Every structure is written in structure tokens, then in C-alpha cells.
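Lettered A, B, C, D, E and F in written order, each chain numbered from 1.
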Amino acid sequence: MSTLHTINKSPYTHNTLVSCLKVCSERDGILLLEDGVFGILTSAPGADELQQLIQRGVKVFALVNDIKARGLEEKVAPNIEPIDYNAFVRLTLNHRCVQSWY
Amino acid sequence: MIFSLAVYSAPYSSQASYSAYQFAVSLLNQGHSLHRVFFYQDGVHNATNLAAPPQDEFNLQKAWQRLAQDHHLDLVVCIAAALRRGILDESEAKRYDKQSHNLATEFCISGLGQLVEAAVVSDRLICFG
Amino acid sequence: MNKKILLISRQAPYGKSTAREAIDIALAASVYDQNIGILFMDDGVFQLLKSQQSQHIDQKNIALILPALSLYGIENIYVHRESLDIRMIKTDELILDDLQLLDNNAIGNLLSQQDHLLSF
Amino acid sequence: MIFSLAVYSAPYSSQASYSAYQFAVSLLNQGHSLHRVFFYQDGVHNATNLAAPPQDEFNLQKAWQRLAQDHHLDLVVCIAAALRRGILDESEAKRYDKQSHNLATEFCISGLGQLVEAAVVSDRLICFG
Amino acid sequence: MNKKILLISRQAPYGKSTAREAIDIALAASVYDQNIGILFMDDGVFQLLKSQQSQHIDQKNIALILPALSLYGIENIYVHRESLDIRMIKTDELILDDLQLLDNNAIGNLLSQQDHLLSF
Amino acid sequence: MSTLHTINKSPYTHNTLVSCLKVCSERDGILLLEDGVFGILTSAPGADELQQLIQRGVKVFALVNDIKARGLEEKVAPNIEPIDYNAFVRLTLNHRCVQSWY
């Protein structure tokens, strides 16, 4: 079974996304939430590594409420799936455990 | 499935405790059970009964209380973190000779062991910080 | 005594209350007869996106509060150009249109001309 | 010279309010004057009288109070930030119909204008966050 | 029911209380009969420097608290090797000598074997 | 007159030091304190830029209490001056105003 990583800090300000990507395994999932959703931007630090991980099988999600709140709906990078709180709950059940990065 | 949540951030100052609340609402709506919400570090400020936010702002303390009433939730505040940050129930206030106490109803104060016990009992333990 | 005071707002909206509480200071400061400016830089420039819909997380919309700055007489609203560029944000995406875009050197100069800096 | 300080972080959780305190001690020792310390954002938690940290840990709330007594300091807590975070004096507690209040002596609650006034009056305004 | 629980401590000591409060959880957890481990990574590795003298800022010395981990029966103490390397910290500078150094892949594997992750 | 910049976040975790260096003028000063003192390490992100600014005239200081607390006394990079709280106060008087980065 695999790990779900949640990231709630802006990748422009904190190193959390980059730290997470280093130890993320190929069957893991990543959920961006709160200020972590700035990681959906193609200009974000770590965005290229994130796309490479997606190509290798990592699934990346972002909380749609946080995307809309910050006005980023039109800016979501390819292969990142916006989800709501209900899907967040289901996601935690599809993974063995959850690592929260902050 | 059985969930427990750990909340490490203060309401208003940080969005993390709001996310934890929305997560709790969603898992309960899906029929899962919520064994415990454990408030640690600045998360203990979720349990003050003295906050008076503007009427037109979301009141997270009240929202936790309503959710606890509706679903008989166990909202536990870490005693060591609470004492350092000025969150006290009546008996702690007496023990430390304080004139007042400020723990909101529906919350209780207990030890760090309650977080470990929650991990043992629950299928999923999610941290919000 | 008329003092030059610059607020510097560097945090993203919503994840922390910092952005909101910096604006509250700007509005409060405007009633005093001082020379108040505000500078958005780093993640603070995200506060300026006009497409924000913060009702989805039960918070007040910062894009709707910011126009009050000029209504309250705060004329000098500065934005760090490189912070916009790094985030690939174009000026037509911003809620305010009377912004002064400054490069790194101009910001260094701006800071050195103030009496007080209030940073958030 | 006339200083004022702005403190934006809670004691214990963050080191920033401790740094502000040491800065205040140093400037007073050097014979400067401290017009005001303004507590904003999570800094308002410096003003709770309910914190009960372990005996062998530095008690920042008490340290501010002693410094204020020794030097007649003006320790001002922002009312908007305090109401949202559950720091109340007696009159605010009455206004918001709360059973208790928790503002420590030596601190007072006032508006954001007190920070602006401090900036106008002071030669240096230093922020700790 | 014996569960595998890993604490992940990623914050520097002293600037925030996070590092200290993570250790408190580890010590509290040890009295339960579970399989508890702790991983230091990112700025969390600074907690391990033995030369700390935190009395200069009136805080308790984390380097003096950490040896309690093994006394309390927490045998698995992991350190992210790259976090040490990036900071140019050598293992002989560390307060504990029973540390298991893990590379990126090994940490990915370690996480996937746990029942719960408690992150700080 | 010039600006004193204070930085209290670790440069390994936050982008504050790098942001500060971008807008720092040649007659400015920089004080590292709290977790900001990790910026005294030669391996810190931004350490090279910091040394370049020092060569161009920027003065860099670090709070000695915070250095000692974190066990970094032997690791201070060249041309960074450890100072105590009293010197911190004097430093604020030698500059026109103080920008706190966090």
C-alpha cells in the first residue's frame, strides 16, 4: 500500500513541496490544499518535478475549494485533478497512511 | 472506517483547523466514524469559549461544538499544550489558582496519551497543521 | 508630524490571517494624517488576483476588500514586478488598476525613503 | 531615542515575542524610552492571564508584566485581533456576554490606531513576527 | 493490536515550539505498547546537533532531551541522509549515535510500511 | 540613510533570505536572528549571494544568543558578525528603519 502526501504551504515560500517530492514513491498520491494549491501553477518551484512524478505514476490532486478561493481555477497545470472534501476523505481510504507536510 | 484527526493550528490565524473541520463533516456524512479529534500545539485555541469573532465571519469554535453535539464527538485538548497557552477547564484553573477558566463546552482536557490511543484504535489518523 | 509609513504585505491570502490583518492596519492607518503606502511582494501578490471566490472556504474575499485602500485615501500601492513575473501573473488579472510596478532597485530605494516599515 | 515595538506571534509557540522582550530589556537598559508595545495577530496571546507553563520554563507573560511595572510601559493589545482569538478584558467580556475574562494586568485593549499613533510618535518601530 | 507509528520531525529547534512538542509526543507514546519510530528530516536534523546551548535564549536544551528517546524504548531513530548532507552536518556532530541514516528511497519505503504517520 | 533587514526564518525552509537579498541596497544591513541564524552556514541557500552582497558593502550580523542556542558557534561564515541584543538595539539606531522579513 502507498502513502498520501498532503501539502498546505505555498511552494513559492516554503520548501515543503520539494521535500515531499524527494521521498514520494511511484504509487503514492499527493493532495495540495490551503496555500499548497499554489503548487498547481506551472510556474511554481517544483512544478517540473511534479509533472515528472505524474508521468511515473504518482497521482496529484488539489482541493477545489482552495483553488476557487484563491482565484486559480483557470490555471491548473495538466494532470492535476481538482477534488472536493468528500473526495479527500475517500482518498485517505485509498492509501495506507497520510503524511502531512507543513 | 474509524478516523481520528489531530489539529495543530489555531482557528482564524491559520486555515488548517478549518480544513480539519470540513474533513470531519465529510467523513461523518459518508457514514464513517470519528473516534476523536485531538487538539495539540496552537490547535488548543479551537477550544476557547472567549472568542468573539465578528457576526459575519465563520465561527469555527461554535462549528466544532455543534458538530460534537450532533455526532457525540470526543474533542480532546492536550493538557500540556493548553496549560502553556492559557486554555483551562475549571479544575485546572483551581489547581493553578487562576481566577477564571475558558474551556468551551463539548471539549475536554486530557493527556497526550489520548492521541496515541486514537492512533491505536483508528484506521486512519490525519494531521492538520 | 507627517510620517512616511510603508506596509509590506508578503503572505498569500487565506492560508494564514496575515494578509487580511495587514489590510486592516492599512485601513486603520488611513484615518491618521500620515503618508501611508502599501507594497505587495512575494506571495502577497496573490492577494491581488481578481478571480478570488473565497466564499468556498467561508472567508471574506480579499479582492473585494482591497479596492477600499484607495477609497480610504491610500494612493501609493506598489507591487514587486519580479514577484508577479515569477508567478506568471499578468497585470490584467489584478483587481486594482492604479498599481505602481517596481523592480528590485526601486524597492530598495522605496524602503530607504520611509520613516517606518510595517511588515507582514 | 523613542522606540515602539509590534509583536505578532504567540509566546512559547514562536520565539519572536521572546526576541521582542529581550530587545525591550536592552533598549531600556541603554536609557532609551519605550513608548508602546503593540500586540497584534497571535501576539495577543502574550496578554492572557490563564497560561500556566511549567515552573522551570521561562514565563514570558510574567516577564512582560514585571517589565511594565518597572518601567511604566504601555502594553496594548489590538481589540480586533484579541476578540477573534479569545483574549478579553472585563468590559469586553460583558459586552459579548462571556462568563469570564482573561486579560492580564499591565495589558490594556485598544484599537489599531494605537499602532499608527506609536509609529507617528516613535523614532523607531520594530516588528517581531 | 500493535501498530507501527512513525513521528516525522521536520522543524528546526527553538524558533517554533514544534520540535519540542514532537519529542513530547514520542515520549508519551513510548508508554503504550506500540512500535514507535521517529524520523528527523529537513531542518529537523538541526535538533540533533550536540553543541546546542539553549540556555542563551531561556529554552530547554533539545540535545539533552533527545537521549531520553532510547531510554524510553524508542529504538528506531531515523535521519534523512540528504538533509544532513545539504546542511554539511557530519554524523560525529550529532548527539545520538544509534541513528539509522536513510536515503530518499528508503524513506519512501519506511513511510509505506507504517500504520500511522504523525508529522510535525 | 539605509535599511536594516531582520530575518528570523531558516533559509533551508523559507524563501525570506533570498527575497531580502533581492531588494537589499549596498548601504543596508542584515541581521539574522531566531531560526534565521541558520543563514550563517556556508551551505545555506542564498549563502553565496550573501557573501557577494558583503563584498559590495552590505554589513551582515547574526544574534549570538541564537547562534549559541542552536550549536552553530563554530560554523559562522566569514564576514558575518555575531552580536548581542544590546548591539541589535544600537544597530536599529544606525539605520533609518527596519524591515522584518518572516
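In this text, a contact is a pair of C-beta atoms (placed from the backbone, for glycine too) under 8 Å apart; a residue touches a chain by one contact, two chains touch by 3 or more.
Everything numeric in this text was worked out from a predicted model, so none of it was measured.
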item	value
Minimal step count in the chain contact network, chain A to chain D	2
Copies chain D and chain B - interface residue numbers shared by over half, same or different	same
Chain whose mean Cα position lies farthest from chain E	C
From chain A, the most remote chain by mean C-alpha position	D
Rounded Å distance, chain A centre to chain F centre (Cα mean)	33
CA centroid of chain A to CA centroid of chain B, Å	26
Distance between the centres, which are taken as Cα means, of chain D and chain B, whole angstrom	26
Whole-Å separation of chain centres (CA-atom averages), chain C against chain E	39
Multi-chain contact residues (two or more partners), chain D	12-13, 15, 41, 57, 124-125, 127, 129
Touching two or more other chains - residues of chain F	8, 12-13, 15, 34-35, 65, 97-98, 100, 102
Two or more partner chains touched - positions in chain C	14-17, 42, 57, 59, 115-117, 119
Touching chain combinations (by label order)	A-B, A-C, A-E, A-F, B-C, B-D, B-E, C-D, C-F, D-E, D-F, E-F
Residues of chain D that touch chain F when the two form their complex	1, 3, 15-16, 19, 22-23, 25-27, 29-30, 32, 124-129
Of all residues in chain F, those that touch chain E in their complex	8-10, 12-13, 34-35, 38, 41-43, 64-66, 68-74
Contact set on chain E toward chain F in their complex	11-16, 42-43, 46, 49-57, 59, 63, 86-88
Chain B contact footprint on chain C (complex, rising order)	14-17, 57-60
Touching residues on chain F, where the partner in the complex is chain A	12-15
